[in-house]
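Quick notes on the structure that follows.
Each chain gets a letter, A, B, C and D, in the order it is written, and its residues are counted from 1.
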Amino acid sequence: MISGGILNDLLTRIAEAGRSLTLGSQAQGGDALALCERLVSGKGEATGLAIAQQVFDAYAKLDAQEQLVFFRQLKDSFDVDAESLDRAMAAWRKQGPTSARALHFASEPRSQELIRRLNRAPGGTRALVDMRADLLGASREDADLKPLDTDFQHLLASWFNRGFLELRHIDWSTSAEVLEKIIAYEAVHEITGWDDLRRRVAAPDRRLYGFFHPALTDDPLIFVEVALTAEIPDAIAPILAEERVPLDPAKATTAAFYSISNCQKGLRNISFGNFLIKQVVEELRREFESLTTYVTLSPVPGLRQWAEQETRNAEGLLSGEQHSLVERLESYEEATASEEMLGLAALYLLEAKAPRGGAQDPVARFHLGNGARLQRINLAADLSPRGRANAWGVMVNYLYDLKDIEKNHEAYANDGSIACAPAVQRLVKSSKRG
Amino acid sequence: MISGGILNDLLTRIAEAGRSLTLGSQAQGGDALALCERLVSGKGEATGLAIAQQVFDAYAKLDAQEQLVFFRQLKDSFDVDAESLDRAMAAWRKQGPTSARALHFASEPRSQELIRRLNRAPGGTRALVDMRADLLGASREDADLKPLDTDFQHLLASWFNRGFLELRHIDWSTSAEVLEKIIAYEAVHEITGWDDLRRRVAAPDRRLYGFFHPALTDDPLIFVEVALTAEIPDAIAPILAEERVPLDPAKATTAAFYSISNCQKGLRNISFGNFLIKQVVEELRREFESLTTYVTLSPVPGLRQWAEQETRNAEGLLSGEQHSLVERLESYEEATASEEMLGLAALYLLEAKAPRGGAQDPVARFHLGNGARLQRINLAADLSPRGRANAWGVMVNYLYDLKDIEKNHEAYANDGSIACAPAVQRLVKSSKRG
Amino acid sequence: MISGGILNDLLTRIAEAGRSLTLGSQAQGGDALALCERLVSGKGEATGLAIAQQVFDAYAKLDAQEQLVFFRQLKDSFDVDAESLDRAMAAWRKQGPTSARALHFASEPRSQELIRRLNRAPGGTRALVDMRADLLGASREDADLKPLDTDFQHLLASWFNRGFLELRHIDWSTSAEVLEKIIAYEAVHEITGWDDLRRRVAAPDRRLYGFFHPALTDDPLIFVEVALTAEIPDAIAPILAEERVPLDPAKATTAAFYSISNCQKGLRNISFGNFLIKQVVEELRREFESLTTYVTLSPVPGLRQWAEQETRNAEGLLSGEQHSLVERLESYEEATASEEMLGLAALYLLEAKAPRGGAQDPVARFHLGNGARLQRINLAADLSPRGRANAWGVMVNYLYDLKDIEKNHEAYANDGSIACAPAVQRLVKSSKRG
Amino acid sequence: MISGGILNDLLTRIAEAGRSLTLGSQAQGGDALALCERLVSGKGEATGLAIAQQVFDAYAKLDAQEQLVFFRQLKDSFDVDAESLDRAMAAWRKQGPTSARALHFASEPRSQELIRRLNRAPGGTRALVDMRADLLGASREDADLKPLDTDFQHLLASWFNRGFLELRHIDWSTSAEVLEKIIAYEAVHEITGWDDLRRRVAAPDRRLYGFFHPALTDDPLIFVEVALTAEIPDAIAPILAEERVPLDPAKATTAAFYSISNCQKGLRNISFGNFLIKQVVEELRREFESLTTYVTLSPVPGLRQWAEQETRNAEGLLSGEQHSLVERLESYEEATASEEMLGLAALYLLEAKAPRGGAQDPVARFHLGNGARLQRINLAADLSPRGRANAWGVMVNYLYDLKDIEKNHEAYANDGSIACAPAVQRLVKSSKRG
């Protein structure tokens, strides 16, 4: 491979040659916008890469407020071309359905072509992913920017198609550059430093796998941490313990996925986790013949908030006993190990629904949607501040059984029915309001 | 990287599990179509990769006639969703321009999502590029398939965005696997075997560069062959000669691009050549400080056919003398070296226009569109059968001068004016009809 | 890794600075010798690499006659240091055995240190291996050079210790640079070109493995070609055939080593073949579970010459019938398929002894010494000109059975007894002089 | 490359087959010795690698005392073969000098062949280097083991010949595996953790280079740390500071080697530093055109000890003033910045001689022997506890000037004269006793 540095050099030289053509007197945002216009207009095609680079350079100088202005202008100026749409519409009226495809292409917002051309610059993909992270922030302030975000998301989803992703096993022979990012990106159970990282990637009974994209060479998109164990784990602390006798992996029966982290803010709503877990299951199955069970050890981030809301809702799902349980829990944390808690958690996971259907708990929604089944609820499983604050220490195992995932997935997708172990089923029944 | 083989394994196993769900009794084409429907419908999402693989397997069994049927069905069944379009149309009528973006996304043909999902399978990109090559063939028989080809082209152009391409220097340390493909793909001056290849990639004054895409690992998209020379070359034979004293590259002043080949039929109309030449110029400039001139040695594929047509056209561009020149040439090949030929060729290159504007000669159109200038016309430059048959042996140098390419490109794009050396300009003037 | 080119640069600069110090007026051989002296004397230690490089440069300019002179001088000038030896001898006389070790180090010829210092130059190992190839040639003319060759061999054997070698699987993804060398080095069954090579390395039922040394990066030391077959092969032609349906390697029972080539003349008498075969057996055993038999298909290079000598020897091993067989064979080649030939060949392989013991046939000596057993003799197995000329077309299978190789090796080493299949044993008995 | 794991597998299997042959009843040390004997005797040649592996396995179980016994037996049992020596001696008496070479090879201690055969095992080089580290320890207790150490050193020096070493630039893209070893091996200015390491390898104005050997893949032999600076540095703290604005390396004029660490105890007395510094100078010179000065910032480890001894020596080098300076310093550390100290240090570096000649200070001896010159003495340059304890904070710059190193080296080697800057020269003169 030939280094991008060389190309940058070219760009610099061409850019210098073309500098006089750019509108020097405008404000930065306007400048970036004028460059975008030039990039898409077809003028300057021969120096397109250089102009794309200039757009990123100009963008890099904007502060948050200027970014907001830039995004608004972008949305308006790179909208669907009205004239072209009118023509296509007229044709469609005359010819009917056969020209619907043409209507689609004629109505493509100009932002799509802009984003494609920006991507041509060296480092363009990286810059666009970061730009979208900014845009997502801006959209929270100004909901009118949503359509522009749709443009970004559409192309990024296409480019980060699973077919382009590469699975890598991250271990102690991986570069410090990548490992440092793993430490930074871990979002579930914080990695406290290089020693902690070493325990998670270099111990014989631990694995870490990530998806990478060729255009973001050493920057993971998502990664999953796995513990090889002798049984389904019921708490996180033993897995992360500093002093631990590692299990001979040849004797492991269970692969426990104990942490999954998305890494790129700018790729929100573009999902890789589904593919990642299934491919890692295959890797492990092939490497360790003794494995029979693939399971997660997952948080229940919404449990406590939900329960506390339910206690304020007389018509809610909770029984009187459960009401008082929740009330007691506020003042009495030791109750985390209470048996009643199991029923409460089961109720939440199986019965609490999201507004648009599916389980209310986001982690449950992810695994159930992938075809996993709710296998077990564990008390006092995560006693970290966050684990207590969110779920009184409760964690859950979701089971990935290859032969059932398709069936589970379809049942969940079609009528929202949740696959779960009989024991969990019983917990709900016995806990329902008498 | 973890091998795709593992994933294939997974797919096979899942596929076997799901086999009973596929419609076994249909003909192959129908089978493939039913699988496509299942893939896009959202059913079977958990096993999407396995179904995508099944589509490719089913497709691989189709003969040309069955492919034609399959493509027709694909076009019809994976058209724009009528209902969704109606809704978007209604909204657009009510809300006007602000919902044009929504109209665009609502009118996306279902084939787009199908192609994206097919791409997820291991080797999916390769299979889709090959499928499009078939589709291009089928479109020649049935012009109604063009819209389906537009769907393929749209996504492939997006995925083969220049930002995802990697430039590689191909030399004698490259794998036989890749080199074998270079031999097969060379489309301008045939590579007669490994010895010929060795002369083109391993001599100190020869270079070969190609663009590669991460999803087509060892298969080039396009490549260019370069000779480092002491002056602008005026014939191809000395460049390809078996016995040749190589030039010390530190003494070269000129980099001559003497062959550019596109490799993937399935990527037709997705252009990389523009970017390739510019990046290679940069590579060379950086490596060899003595270089001052970047130039092509190019064929003129349309010269003879054009001239012979003109002689049948009394109102054409040719003078009486040129008429008789062309007539004489049919019987007298030695005239290839005639001085009059220079004028004829200049006339063709500068004045003969394509129906949609721009130079009529396709090679001229490519380089002039890139911002090169027509530098020199060479007689008796390619005495191979093809060189004689197409252009009476004439070849042309196009000059890439970084400081002018933008200006040249814009002038050519805006008003079709062709940058050329004064000497070429004079040839035309003196050759024009009295 | 940082390129050696950089170091060369340094050497050049230092060398230029030091040039005035070298004896410019002498003949080349003398020049090289003076530089050797300077290199070893300890003067110029700071610029030792540069001087080593100068030695190689000066040596490269010598013709064969000058090389001979250079080697003679080298032998004499870089002999054991007499004074140091005298001192050590005196100590040994006084102190006896305890100072024998000191005697050894004191008597080291100065050529050893010279060779070690020459090796420090970039490319030094390559240059020394080539220098020894020259020296072996010179030794044939002048037997007095043998001791100098012993010096070279001693250090090269130490440096090319098996622990430093790397086994590589050579296939179609290997660089043309290496593959080209395989074609050139093949010494048993000529590789006729790239197509022939492709059949030997890229077919699913063919393998090629070589040993490489880190200091000779892309240059193999020895390689072996393997055919995966359904039974023990009895002829070479079917293995090398152009048109051939490859065997599904998962169904192969037998790995047949059909060609072993040493590549480096300068490493003569430094043996790797023993280690190579055993390691390749392991590779194959691990990759293909169906394999049960590891066997060679080997030439019998000395058969015909031996038989013809025996017919001139009335006291020899041959019976009267065998005498007449050999005589007939001179005029009647079709007899290659004669059954009597089997007995003759068995007699040669089992009974004809080399002057210093062991089998007379060099290929037999190699495999029997490794612990293989003589498994089968094949008629009309190699009908190439060389196969006919050397052995009337006879080839042999030697069997590598891991559980017996130690036993076979020891029996052969201790009392020269040759492991062979009962059928071969019977052939000898029945063929012995009545 | 094919993994060594496969070979290990083979070894295990062969070893199991041969286990019955080993002397099971002996103590471990004896066991290892018997295996050594078998390895060298030529018996078991076919399974030599397996036996070598068994030797290492048996050795690994020995405690320090058993190691001592093992080494003593090794020295005695693998001495020069008396018979062979007698024969060679007889020949030498008869034939004189011409058979001196033969005498050398005949007197080779059998330990040499043993070590060569041990090296053949996978990981053999690593195991031998570690074994020699143990042997060096044992030799301190039992000086009679020195000759055995000479055997080890002889072969290791030959195998770690500079021609086999590879220079690598260590940076943040290096594996954690290697980086972790850098932290552990740093012997001059301790690396306090990953953040400190990051500052030393990833800052734009810092470099770290190491020598590696192919048989010790990811384990450095020696490494050097470099700071790119705007002037010759006069203290270590600013170089290691946590908060620091890095210098644009394109503006650096000086490369300062501020730390050199040997990594392998088992390679003591086999020197690489000389070659390392020169090659790194070349790397830097090529990469950064602005560099003009290559210099060290080195400790003076023996200064204080020497000075305190001198004060007890009335006939010593110190003047009365210097006597009282040293005495004052014991109680008054602030005097580190005293100007008188400069003279004292200059005196030590230029006049204090080692018993066998050369500078007494080991660091000075190393750099002066390489041809560097003593450029400057810096007060209060290393205020760490060690810097104060060893040298009252004094550090020194040695200058590597390519055009002078040969001259400096020869002058130093021939008559011990030390190249130094005029200012340093003056310091000595003015500080000498009245």
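Criterion: a residue touches a chain if its C-beta (ideal position, glycine included) is under 8 Å from a C-beta of that chain, and two chains touch if they have at least 3 such contacts.
In this text, all values refer to a predicted model and were calculated from it rather than measured experimentally.
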Chains in simultaneous contact with chain C and chain D: none
Distance between chain centroids, defined by C-alpha means - chain A, chain B (Å): 37
Rounded Å distance, chain B centre to chain D centre (Cα mean): 59
Chain centre separation in whole Å, for chain C relative to chain B (CA means): 50
Multi-partner residues of chain A (at least 2 other chains): none
Contacting chain pairs - touch in the sense defined above: A-B, A-D, B-C, C-D
In the complex with chain A, residue positions of chain B that touch it: 1-2, 6-7, 9-10, 13-14, 17-18, 42-47, 49, 79-80, 82, 85, 97, 100-105, 107-109, 116, 119-122, 124-125, 147, 150-151, 154-155, 158-159, 161-164, 166-169, 214-215, 274-275, 278-279, 281-283, 286, 370-371, 402-403, 405-406, 408-410, 413
Residue numbers on chain D that touch chain A, as the complex places them: 172-177, 179-180, 193-194, 198, 218
